[in-house]
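Take a look at the structures below.
Here chain A shows up in two complexes: once beside chain B, once beside chain C.
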Partner chain A sequence: MTESTELLEKFEELLEVTKLCYQCGTCAGGCPVFRQYPNFNPRRVMEKLLMKDFSEQIFDDQQIWYCSMCYTCSVRCPQGIDVGHVITEIKNLAVQMKNAPPGIVAELETIMETGVTAAISKGIMKRREQLELPELPPPNLDEIQKIFEVTGAEKYIKQIKEETS
Partner chain B sequence: MKIGTFLCNCGGSLKNIDWEELQNFMKEKTGEGDFCVYHENLCSPEGKAWFLETVNKEKPDSIVFGGCTPKTAGYLFEDTLKELNMSPFQVVGANLREHIGWITPDKELATRDAKASLLGAYNKATFDSTVEPHEIKMSQEAVIIGAGPAGIQAAQDLAEKGHTVHLIERNPYIGGNAAKLGTFFPSDDCATCMPSVGIKGIHQQGIRRCHYRSAFDLHPKINLYIKSEVTNVIGAVGNYSITVVTKPTYVKMDRCVNCGLCADVCPTDKPDEINLGLVSRKAAYLPVPTSSTTKYIINRDECPEGCTECSKICPVDAIDLDMKEVTREIKAGGVILATGFEEYDPKIVEEYHYGAPGYENVVTQSELARLIDVYGPTLGKPLRKEGSLAKSIVIINCVGSRSQKYNIWCSNICCMIGIKHAIKIKESFPEIDVTCCYIDIRAVGANYEEFYNKARDLGIKFIRGRPAEIESDGEYLYVYTEDAQADEMRTLKTDLVALSMSMVPSPGAKELAEKLKIDIDETGYFKSLYSKFKTTETKQAGVFVAGTAISPADIPTTKLRGGFAASHLDMLLSQGTLEKRFPIAEIDNDKCTLCEICISVCPFGAIEAVEAANPGLKVQISPTVCVGCGQCASSCPVSAITIDYYTEDQILKQVEGLLYDAKDNPEPLIVTFACWECAYSAIDGLGMSANYRKTTHYTEQFKEQVTEDFPHNLRILPVQCTGNVSARLIQKTFAMGADGIIILGCFEDKCHYETGSKASSIRVKILKAMLEYAGIDPDRLEKETAYFMTSDRFARTARQMYNKLKELGKLER
Partner chain C sequence: MSKFAFFIGCTIPYRIPFVETSIRKTFPEFGIELMDLPFACCPDPGGVQGFDSITWYTLAARNLCLAEEVNLNIITACSGCFETLKVSNTKLKNDTRLKDKVNEHLNEVGREFKGTIEVKHFAEVLYDEVGIDKIAAKVQKPLTGVRLATHTGCHFVKPPEILQTDNPESPHRLDEMVEALGAQAVPYLNKLMCCGAGTRGVDQDTAIAMAHEKIMGAERAKADALVTICPTCFVQYDVGQRLMAKQFDKTKLPVFVYPELLGISMGMDFTTGLKMHTIKVTPILEKITG
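Showing the complex of A and B:
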């Protein structure tokens, strides 16, 4: 099976689970991101799937990366559609199609290399001391890198970087 | 037995059949006293006269008719047969027109198939098919369960037709949910408005009355039992015996004048059910204020120990604090179930926080109806819990409806009830801001869209979006919703939220269905016999359903269903006696081993094990409940059950005739067992379609299509239901020379006998495995389903099987 047919099959799977969506907007109404940032609308993501919009557009859409994966939409959907999962899957497909936004790739790289999203600065350590909080344990880099390796994230990051450079 | 065969050439139009050869064939194959005659146009007045004359002269015991489809021939000769005092079962039809003449153009092939069809019919006719008259006297009384709009309509209609009606209501008041709703759309007036009967007559034009002046309960033919429930049902159509238990109200209905003094002195304080607990009432109270058919009642469970204040003050001596529960046995010919609906529990939809502290101003649509009802607890003012007038109200539609998570169905009236309440509020209090949140507005009835327009005209806001949640800050409510038309988030700060709750069947519907041996469907509502036009009928001939007990509906539809059910029950009871309409199942108690398989497969509950009460008698089949589908007969392991007119011997004898040429015919022969209902009509439809194309020339391109698609060598015989075709019958048919067998049934969900087609599908599946095991290609047996409009399905399957059998060759025996 070639990669593109695999992607197509995955996409068909997503269409299958979204079939019953009637665009009631419950996902959007409960979405904490949509409340603050109207450019990200989970109902619109579902609409694109319903229209079988298999142009790159849906994967090029940088807005889906604003989903904070709280899964409120999945809990609320009256049709029982796991909207959060669908959006996560689209993100995965976008990565496989090398469409992840540079900021996301950079963040992933940082995690892969350092084990944390942001480096623990001296300022933070000082503040913790003042608050009498315990010292932060160092991240288990081996474990984190293993996860990147097994899930294929490492491979995709490399591919995307090669593509863009 | 003397059998007369009548051949008819449809006015000489069936030229591809050699009629002379057919006549000679019959003379050669049939018995000594038998005869075979030919007429060119038997259904013409001359033809019928000749037929009558011939039958009167020859006096045959049975008649074989070879010509057009027995489906239509049956009606054409109905009068003639009556004149001859013969039952329709004494005539066996051989379908030489639709199944052969119109489809097979080749004269030799057509004549060969015609011979088979005719000999099959003749063989079947050699069995005695005289029908014993069987009549059961029916009770002319009716029981109606539920006194909401549907039950009231049904009761009035039946009473006006002269039937004594027993109307059984669980609540202490009549009117059902309508009694709580105040007004209704699209007429925009009282929900409980009803036609007037008994005094002026139901059909008096223009007369309609409020509940309180309807004199409904005074109708001499209507017996109303409030606070009553059905506890037991025995019997079947025509003769039910129904046990009704009536709880005491402690007030004598015929004495109470509704003065209210009893309630005035009553020292108690309880939440009022009709006002959904929004206000309190006394233990002595009037359940609804708007109906004189309802009298004051006393809830004794709530009385203080030893208190007799009400009894002492009553000026008309109407109170009897020692009143006892009454159990009645009611005899009735039929039952109408009008048990209605209730609101879905709003607490299940957690994100709206109904009932939680701080969310007291989240109410259901029924509660809002009470709030804006001038007879309600707030005199028609939409007040918040703490007593201030709501300045803004949000209505949320589809709460618990149209959902895979809650209830899958659309509750039909919530959009309009929401709009009705919005209009009512806006008209009385224009300063209140009203917003409706909806997924789709379904304004599908007469004048509904106009009603919706009126709401827009009044300035009611409509937001397309299903709110995700409601939050409370202790004072205000915040409704979070997307405005899907604007692609924007909206947070609606509001004083009061009304939830349009889904409608679910009344509690106890399932138990009633079990008592009356009818089905409920996957939604929990009663299952109609047939959704298109047998809406109010059920699989039990004496049990009808009406109103919102079938599915959510508005009051106009509910009333129509009530009237429709009453009209059908009246048609049934007015016959006076119940005649045996179908061939029915007969059991040979000597053969029966009491395995009880028949009892479990009968979808109508017609079979009962009666050995305990009747020694010597093992199983009894109710002649009024049985419809003769034969699912029991085909399942009986010892062949103890037979279906009149479709006995196994009779069917096999017909198959023998159909396969008369099995040995000499070089081509494969296919026997089709076709259900006499939709499936047989589908084959007729193929012939009709072929002839239409040939003669009408409207589509030159497809002129010969059906004929090309449809193979010859098809030997078709009707059965009452494919559920009657047993495994034994199929095996024996193979043994008798069939190279392939098609079981043509109705669609499983449209089976006329509930489960017959499904049963035959299962049987075919098992038999295919058995054939394979025996080294016979399982493709020689197929199950297909068709109805008149999908006749091509049968043609396709038949052609495929014919081609396959050509490939496989004749079945070696």
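Showing the complex of A and C:
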């Protein structure tokens, strides 16, 4: 299967799930991001999918990444749609179409290079000492990097960085 | 004595290590032994899952494999890690297609997900395995008169069909857990509101405005402090208040992670760690020690 037919299949799956949405807006009503930043609206995301309108707010800009993954929408949708999951799927597709915010790409790179998300500074190591905390067994970085390679994540990171540089 | 593989995550050891102290000191008092393993990032249920789900499952499964090898259930210190590991563990156990795909990738690093262990959150272990009565029995310095706004957070309860810990729309376990320490869990506006950390990667100001709503709710309810069971929520609320001061009026609401309050009420001295909080906790400590 080529990459683009795989993408198309994913699209179809997403559209199938979305069909149940009757645009009641319950998802937006409970969305903690929408309250602060009305440009991000899960009901609108669903509407775009229903209308097969992929022009904005779906794949080609960074609005979709405002979702904080709290799943309030998924718990409350009267049609039982796992809206949060739909949004995750959209993010995955956006990445394959070379779109992701720099903050997210940087996080992925940090994990690939160090195995953890946080920067391990001298200051923090000093705090650990003051607190008499034990040394933590280090993760096997070869394994982490290999996984990034075989799943394609390393390639996506590279592609997005090339696209935005 | 029950023994667990201790999944400490990234935020606690490398950002707020004083929380690690409180867990390492309190849990053995309840007969819980914690074993460190060379775990990597869980990885983050927001950023990494959003970037590429298969990478997320595979990295999570690699961590699960480490615990499977020593035949121990995992206890997580962070709700984000809990969601990642429990969702992955459950889905991989039940979805053969997904498991085969993930194992194909894991094979490249000489590992295989088998599905032989369970994943638990520390609050779940305290509530279910230790129990409210045993927690209450250990209290030497009850938090009498302390009004607490409890923040259960999202990743401990949602998605509920998989996590099965508490009612996502009306969580009560953390309330019972703080009441076991003698404190009062106060009702407040926006109790269910997400801390906003998941939005940090794209827009810091919006993320901080989300956290600010919670602080306002707790302040209006005249809470003495806010208590969480997730280090990421803690960072949003504690360190976050300094960032909030740039957009909003300054607030000084002390924030704790539950094991800190647990240890304090058990008579433990956490002075060194408590000094590392961004928002001073001295007013509430004075209230406890009198």
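The rule is simple: the second predicted complex is superposed on the first by the 121 of 165 C-alpha atoms of A that agree within 3 Å, B and C clash if a C-alpha of one lies under 4 Å from a C-alpha of the other, contacts with A are read in each partner's own complex, and residues count from 1 in each chain.
Criterion: contacts are C-beta pairs under 8 Å (C-beta built on N, C-alpha and C of every residue); 3 or more make two chains touch, one makes a residue touch a chain.
Everything numeric in this text was worked out from a predicted model, so none of it was measured.
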{"item": "Partner chain in contact with A:41 - chain B first, chain C second, else both or neither", "value": "first"}
{"item": "First (chain B), second (chain C), both or neither touched by A:146", "value": "second"}
{"item": "Partner chain(s) touched by A:51 [first = chain B, second = chain C, both, neither]", "value": "neither"}
{"item": "Touching partner for A:22 - first (chain B), second (chain C), both, neither", "value": "first"}
{"item": "Dominant toucher of chain A (residue count), chain B or chain C", "value": "C"}
{"item": "Touching partner for A:72 - first (chain B), second (chain C), both, neither", "value": "both"}
{"item": "Residues of chain A contacting chain B in one complex and chain C in the other", "value": "35, 72"}
{"item": "Chain A residues within the chain C interface of the complex", "value": "32-33, 35-37, 62, 65-72, 74-75, 82, 84, 88-89, 91-92, 95, 100-101, 103-105, 107-108, 111, 115-120, 124, 127-128, 130-134, 136-140, 142-144, 146-148, 150-153, 156"}
{"item": "Touching residues on chain C, where the partner in the complex is chain A", "value": "8, 10-11, 13-15, 17-18, 20-21, 24, 36-41, 43-55, 58-59, 62, 105-106, 108-109, 111, 154, 158-160, 168-169, 192-194, 196-203, 206-207, 209-210, 213, 272-273, 276"}
{"item": "Residues of chain A defined as touching chain B within the complex", "value": "20, 22-31, 34-35, 38, 41, 43-44, 72, 76-80"}
{"item": "Touching residues (chain side chain B, partner chain A) in the complex", "value": "351, 398, 402-406, 439-440, 464-469, 480-484, 487-489, 491"}
